[in-house]
Structures are given as structure tokens and as C-alpha cells.
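Labels A, B and C are assigned to the chains in the order they are written; within every chain, residues are numbered from 1.
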Amino acid sequence: MDRSESLSRAIEAILESYDTHGRINHLEATSLPSRARVKQLLDDLVDLAFPGYFGEANLDALSSRYVVGERCARTLRNLEAACLRAFRADCPERRKTALQTDFDERASEVSLRLLEAIPKIRDLLVTDVQAALLGDPAACNAEEIILSYPGVSAITSHRIAHELFQLGVPMLPRMMSELTHSRTGIDIHPGAQIGASFFIDHGTGVVMGETTVIGERVKVYQGVTLGALSVRGGRDELRGKKRHPTLEDDVTIYAGATILGGETVIGKGSTVGGNVWLTHSVAPNTTVVLATPSLVFKTS
Amino acid sequence: MDRSESLSRAIEAILESYDTHGRINHLEATSLPSRARVKQLLDDLVDLAFPGYFGEANLDALSSRYVVGERCARTLRNLEAACLRAFRADCPERRKTALQTDFDERASEVSLRLLEAIPKIRDLLVTDVQAALLGDPAACNAEEIILSYPGVSAITSHRIAHELFQLGVPMLPRMMSELTHSRTGIDIHPGAQIGASFFIDHGTGVVMGETTVIGERVKVYQGVTLGALSVRGGRDELRGKKRHPTLEDDVTIYAGATILGGETVIGKGSTVGGNVWLTHSVAPNTTVVLATPSLVFKTS
Amino acid sequence: MDRSESLSRAIEAILESYDTHGRINHLEATSLPSRARVKQLLDDLVDLAFPGYFGEANLDALSSRYVVGERCARTLRNLEAACLRAFRADCPERRKTALQTDFDERASEVSLRLLEAIPKIRDLLVTDVQAALLGDPAACNAEEIILSYPGVSAITSHRIAHELFQLGVPMLPRMMSELTHSRTGIDIHPGAQIGASFFIDHGTGVVMGETTVIGERVKVYQGVTLGALSVRGGRDELRGKKRHPTLEDDVTIYAGATILGGETVIGKGSTVGGNVWLTHSVAPNTTVVLATPSLVFKTS
């Protein structure tokens, strides 16, 4: 068989596979949200949150008014388009009234409300950057932190994605959080509720589930899991239930700790040491560490 | 010394270093596989696996035939070119008969065979997406999963890289798996054999070695290592030996668990709890957890 | 309220927020180092370290002289520009005499000195690549390693960032190390001192603090933390103190180990097993492992 024929047969086999497994194709006319565009959208929203940091254009007090106006208008349009695609692609279980005009109106509404939420988000980000400055002895100034700290990048994206999540937008919040996960190694579900002055240091391997609740002035190190207990029960039972822990104000969780369960509460002012495994609550003002692990020393 | 002279001297010193350390240069006319092109190639192959998800073009039932045909032809050419570079650059130890024409023929052959394997790969990916839907209470629909879940991204890339690995292509499989590792934090050697309905949730920090064998309906959480025992013995002794564990069907491995050794088998239906450290086999239908760790509580 | 009015009000609110929280804006005429340009700069410097690996151009013995000359000149200019921005943006605490001309001269000087350091950096990278070849049974040749191993990518970036750090350049070293952290999951502060023949295998989750000191022929696996003990004391007290451990020559640290404290020394030739937690020194030629963890087995 010559190559052209072999290629032709291979293509036919692939097309046949598309017919067989329609579930993992997307061959309808309606487009899905594009990952590249969602990435750009997230970058634009981060730009609005931290003006002057990430673009090439020199912003100054004179020009910022017009630059910001242009950015907001452009971002609003892009956000509407992305939200519209997300509403259309969403699963039937969660769709509200599925009229076309409803989707257009909802996309416009949630997009505007996200823009209106930027000042509130910035109020929180100021506290997060301050927490980073205080929490890391190697940090020197706000600029370095905003430009390069993965923990600050992660909480910034989260606060944006969380707002969209609260506004009932499907798919986009998760796409944004996974883009951030890819970039920082920090995996925070957009449903997680996180209070002011939040700082993740290093961050690689942090996992926070959908129903996590975190208070103010909380500090978390790399490899920390705030997760669910073993997944028992059907998805319908679990959906909507609180499955992930609560950290109260002024809590610090050191590297590698694992805290599981929707009823697990780490009380105000407590500290959880590295590698600790917890499935029960901890009272306020308590330090929990591993008992000195038994180590075996052998000399060669 | 003026600056121009200083720069000139710096350049000379660098060129001298190129002469001294030829081992880490690549200054022969033959090109190495380009990382940027391998990335594009992997993206194109993923596009063939999940049509309509990642490109901008609206695919529909009418146009897909032609779009797919064009993609396959283009991907075939690019894959041939990349394979050819890989064969030429490969280390002498693994080279078969080193005739130039052999490389051209082999590159063509393996490229076609990869395309021919796409339907089989899709058969497996359908089961992987289904496993993700079942395994994550926060998941809603196949679209969200395919667009954003790092675990699904990782198994998709792996099944492609593994096919190339089985076809005896050097370098490219590892380059693809490391691109995926960079993007998802999931590190699966392309040699690992993984059965249907495989789901990694969260994923950051997962490491699976070259000779790992995994059955069907296996679920793995973040930070899990399926690795080798301490590396003793020379590389020649170790190359080719089974060094990494086997997980039988219906096994679940929770976050942070470490399972080591080529003779370690986790029996069918078993569950390994978080942070468990295992270097011996586990019988089927067994749950292994850490004894309740001793924690020390101190109230401030 | 019509949409145009709503948008206008949203923009006003954002501008008001810029006035309120000036701390997280950057609206002065002076530009910050651009993340995109720093990324390109780092890529160019890696290209100089490993000529012929990452670019599209075929380098050969005849053309390399001119290509390298052009690259060095271009990189020098870009590095000067980035250093200048970094000096200007740096925090007052660390600024030396803040004359404009001082910044221009310093930026030129440190840029040239970095280029002059490339041969010395390459001397070390040769040993690092060799260490990777020896340390990973799955590795075959230098090309594969340089093209795809995250550990080699990380040490390459680190040796460049460390040189800039030693030269007193603010911000850029940290930006470079966080770009590398994002790409590899390996988080090494640019201040860390690392000897020859250094190999990180897999790497996701590795964290090494600013005052870490590492000897020669050291091998580290994924998830290892070389960190500080709990952060007590004010930032002024801590800045400059040794807070992170020392690993002497020929030490191996297995996956998930945590070693903390500025006075903690792992003695020459010692091995620290996986998941070990250490806050005290270990004598030379000692193997430290966890006592066989108590596991609980339950059959379903």
C-alpha cells in the first residue's frame, strides 16, 4: 500500500472514531470557551488589578484614565463573549432557563458586575501583598512581590475566578484556576472562600477544595492539602455539601500538612506543623506538630 | 579597557569554552528536535484526539472531514521531520543500523503508525474522561474536564508519548512527557503502561517511573510517587529491569503516598491511604493507612 | 441605567481605587522590569550556555563565531536595560548612592561581568549534566538531558540567576528563579550556593531557601524542602542570617524529605531517606531513614 493510501485509511479510521465516540468531540457549531482567550482575559483582569506592572506601556497619572477606560471596555467585551460561550456549553443539570436571550443578558450582566467588583478585589489584594511582605523575610518591596511571587499570582487569579464563580458563571472559573495551577503549582478551586491578608509561600503542591473556608491573616506553605475525606457516596449526595476544612483567622499551616473533612476546623490563632495529618478539629491557640518521628541512623 | 574591547574579550572566552566543553554544545550541522516544534506537534496530536476543543476553528459534521484530513497530513509531515531528527541525534548505544535511508524510512513508518493508533488512543481516552467524571464530585461535564483538568491533559499526552515510545522513537517521548510535566506538575515516564479508565485528581507532584504498570479503573491523587528503590548498581544493570511498582485494577492511591520497587504489587481493589510509604506488596481488597500518627498539641 | 453609563461608573470606581491604594499600582514613569523581557533574556543566556540546543538556527563550527558574537552583543544590551530598570525600582533600604549615572554605570558593569562569567558557569554545567547522566538510569545521552530534564533546566537558570544575585542586582534574580519555578516546579532562591555535579531528579515541589549551602556531587529528589525553622523574629533580625541548611559533598536526599534550620548540616557522604524530617545535623557517612512506619491493614 503506498503512503498516500495509508494516510487516507488512517484519516478514515479517525473519522470513524469521531462517529463512535461523540462524547469527547466538540463538533457542534457553538464554540467552547477558548483556552487561549481565557488566558488573555485573565491576564487583562490581573492588569486591571495591578495597573502598570505587566504591560509594556508606561502608565502614568496623566494617561492612566484613558488607558484604563480602553482596557475596561475591551475586557468587558471579551468577558461577555467568553461568558456567553460558557453558558451555552454548560451542562443541562445546571442550566437555568435556556432561552438564547437569557444567555446574552446574563453574559452582559455578570461581566459588568465583575468589573464593578475590581475595587473590592483590589482592597483584598492590598492586604495580601502586605501579608507577603510580612511573611517572607526574603521579600523586600511590593514590586518584587507582585512581579514574581507565585502565591500572590495565585490569590490574585483566585479572587477574580471566585467572583465569577459566585456570579454563577460555569466553566470559566475552573479554566482560570487551572491556568493558574499550571503556572504556579497552586491548585485552589474557585469556590474556596478566602479572607483578607492571605499568603501562600513557595506554593508548589498546595490543593484547596471547592468548599474550603479560610479566615483572615492565614499563612500556608508548599504542599498543603485542604481536602475532602475519602469520596464515599454518589456525586449527587456530595455536590453542594461542605467537604473541605475551615481555617479560622491567624492560622498558619506549614509545609506538607494535610487537613481533611468538611467539619474539620482549625481554631483561631492555631499553628499546624509540617507534614501533620489531621481529620479532626483543633482548638484555638493550639500548636500541633508530629511527635518526634522515629528515625533510624546507620553509619556506613 | 573600553567596553567594546571588554565585550570582545568576553566573546572570545565564551568561544574558547565552547572548544573546551564540546560535550554540552550542539554545533554539528544536524539539528536536534526543536522543543517549540515538539510542543506544537503534541498540541496537534491532542487536537486530533479531542477534535473541536482547542482550536479556534468551528468544526462541524460537514467540515470535519476536510479539516481532519488536512491536520493529519500536516501532522504526519511534522512528525516525520521530528522523528528523523530524533533518530539522528540518538545515542549510539541504542541506534540500530545507522544508514541514512533507514532513518528516513523509519521516521515515515513510525509516524504513520502513530496516526493509525489515534482511534485506539481515543477508545482509552473516552474511558479516562468518564473516570474523571465519576471520580471528582466537583466535575460536571466532559467539556469542562477536557478543557481544563490537568490529570486528563496528562493522560492524553502520556498515551500519545507512550505510543511513540513503544514504536522505538528516541528523545521525542521524553520531550513530550517533560512538556506535560512542566504544564501539569505530573511526571509520567513515557514507558509507563497504563490501563483504561485512569484518573489523576489535582496531580501536582505525581511521579511514575519508566517501568510502572497500572491496571484499569485506577485513581491517583496529588503527590503520589510510584518509584524505584534506592538506585544501586550500575546503569547497565538497571536499564531494562522492572524497577517501578504494579497497581492492579480498581486500586486507589491517596495523596502523598510513596510506593517503591519493581516487585511491589498493589493488589486488585486495594486502597493506599495518604502519605503511606510502601516497599512491599499489598494483597487484593486491602486498605492500608498510616497508624494514627502521634501528634503533640500545645496550647499557647 | 444603560450599559454605557454602567461601564463609565465601573471605570470611575476602578480609577478611584487606584488613588486609594497606590501601593499596588505602578504608575510612575519609570518602568519596572518586564516579565516577558526577563523571560527572553533568561532564554538567551541559556542559549549562550548550551549553544545550538534551543534555537532554530543551525550553528556549526564555521558560523558560531559570528552568531555568538551577535548574541552576546544583543544580550548585553538587553541585560543592561533590565538591570537599569531593576536598580531604579529597587527598594530604598538596599539602594546604594542613588545617582542616575551610578545606575547606568552599574547596569553596564554587572551585565559585562555576567557575560564574562559564562565560561565559569559552563564549567559547572558540564559537571551537572554528567551528574544527571550518572544519576538517572533512564537517561541515555547529554542531548536528551539538556533538551528536556527539568532538573538540568533548573540548575542552569539558577547558576545564571545566582551570578546576578552575587553581583548585587535586585529583582531580576528572583524574577528569573520564579520563571524557572513556574516551568519546572523547582523553587531555588537565587541566593542558594550550589557546588558542582548537582542533580535534581523529577523535581516537582523542591524548595531551597536563600541561605542554603550545597557541596559537590549532591543529588536531590522531588518534594525535598531545604527550609528555615518557624519564622520567628522580625524581618530585620532575620535578613542576612543563615536560616537554611548545609548539605556537604556526596549527599543524597530522597523524595519528600524536609531539612530545616541554618545550623543543620548533613555531613559528607550521608543519605537522607524519603519523607524524613530533620531539624538537627547528621554526621558524615550516615544513612537516616524513617523507622518502619506503622501501617494498618484492613481487608474489605
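Note that in this section a residue touches a chain if its C-beta (ideal position, glycine included) is under 8 Å from a C-beta of that chain, and two chains touch if they have at least 3 such contacts.
Because the structure is predicted, anything quoted here is derived from the model rather than measured.
J.: Chain A and chain B are the same sequence; what rotation (0 to 180°, nearest 5) superposes their CA atoms?
T.: About 120 degrees of rotation relates the two copies.
J.: Do chain A and chain C face each other with the same patch, meaning over half of the contact numbers show up on both, or with different patches?
T.: Different: fewer than half of the residue numbers at the chain A-chain C interface appear in both copies.
J.: Measuring from the mean C-alpha position of chain A to the mean C-alpha position of chain C, what distance in angstrom results?
T.: Centres of chain A and chain C (C-alpha means) sit 25 Å apart.
J.: At least two other chains touched by the same residue of chain B: list those residues.
T.: In chain B, residues 185, 204-205, 223, 256, 275, 290 touch at least two other chains, as defined above.
J.: Which residues, counting only chain A, touch chain B once they are in their complex?
T.: Touching chain B: residues 3, 6-7, 9-11, 13-18, 21, 23-29, 31-36, 89-91, 93-94, 170-171, 174-175, 178, 181-182, 185, 187, 189, 191, 204-205, 207, 209-210, 223, 225, 227-228, 230-231, 235, 238-239, 243, 256, 258, 269, 275-278, 282-283, 285-291 of chain A.
J.: Mind pulling up the chain B residues that touch chain A in the complex?
T.: 48-54, 56, 58-61, 64-65, 68-69, 72-73, 76, 108, 112, 115-116, 118-119, 122-123, 125-126, 129, 134-135, 137-144, 146-150, 183-185, 202, 204-205, 222-223, 254-256, 271, 274-275, 290, 293-300
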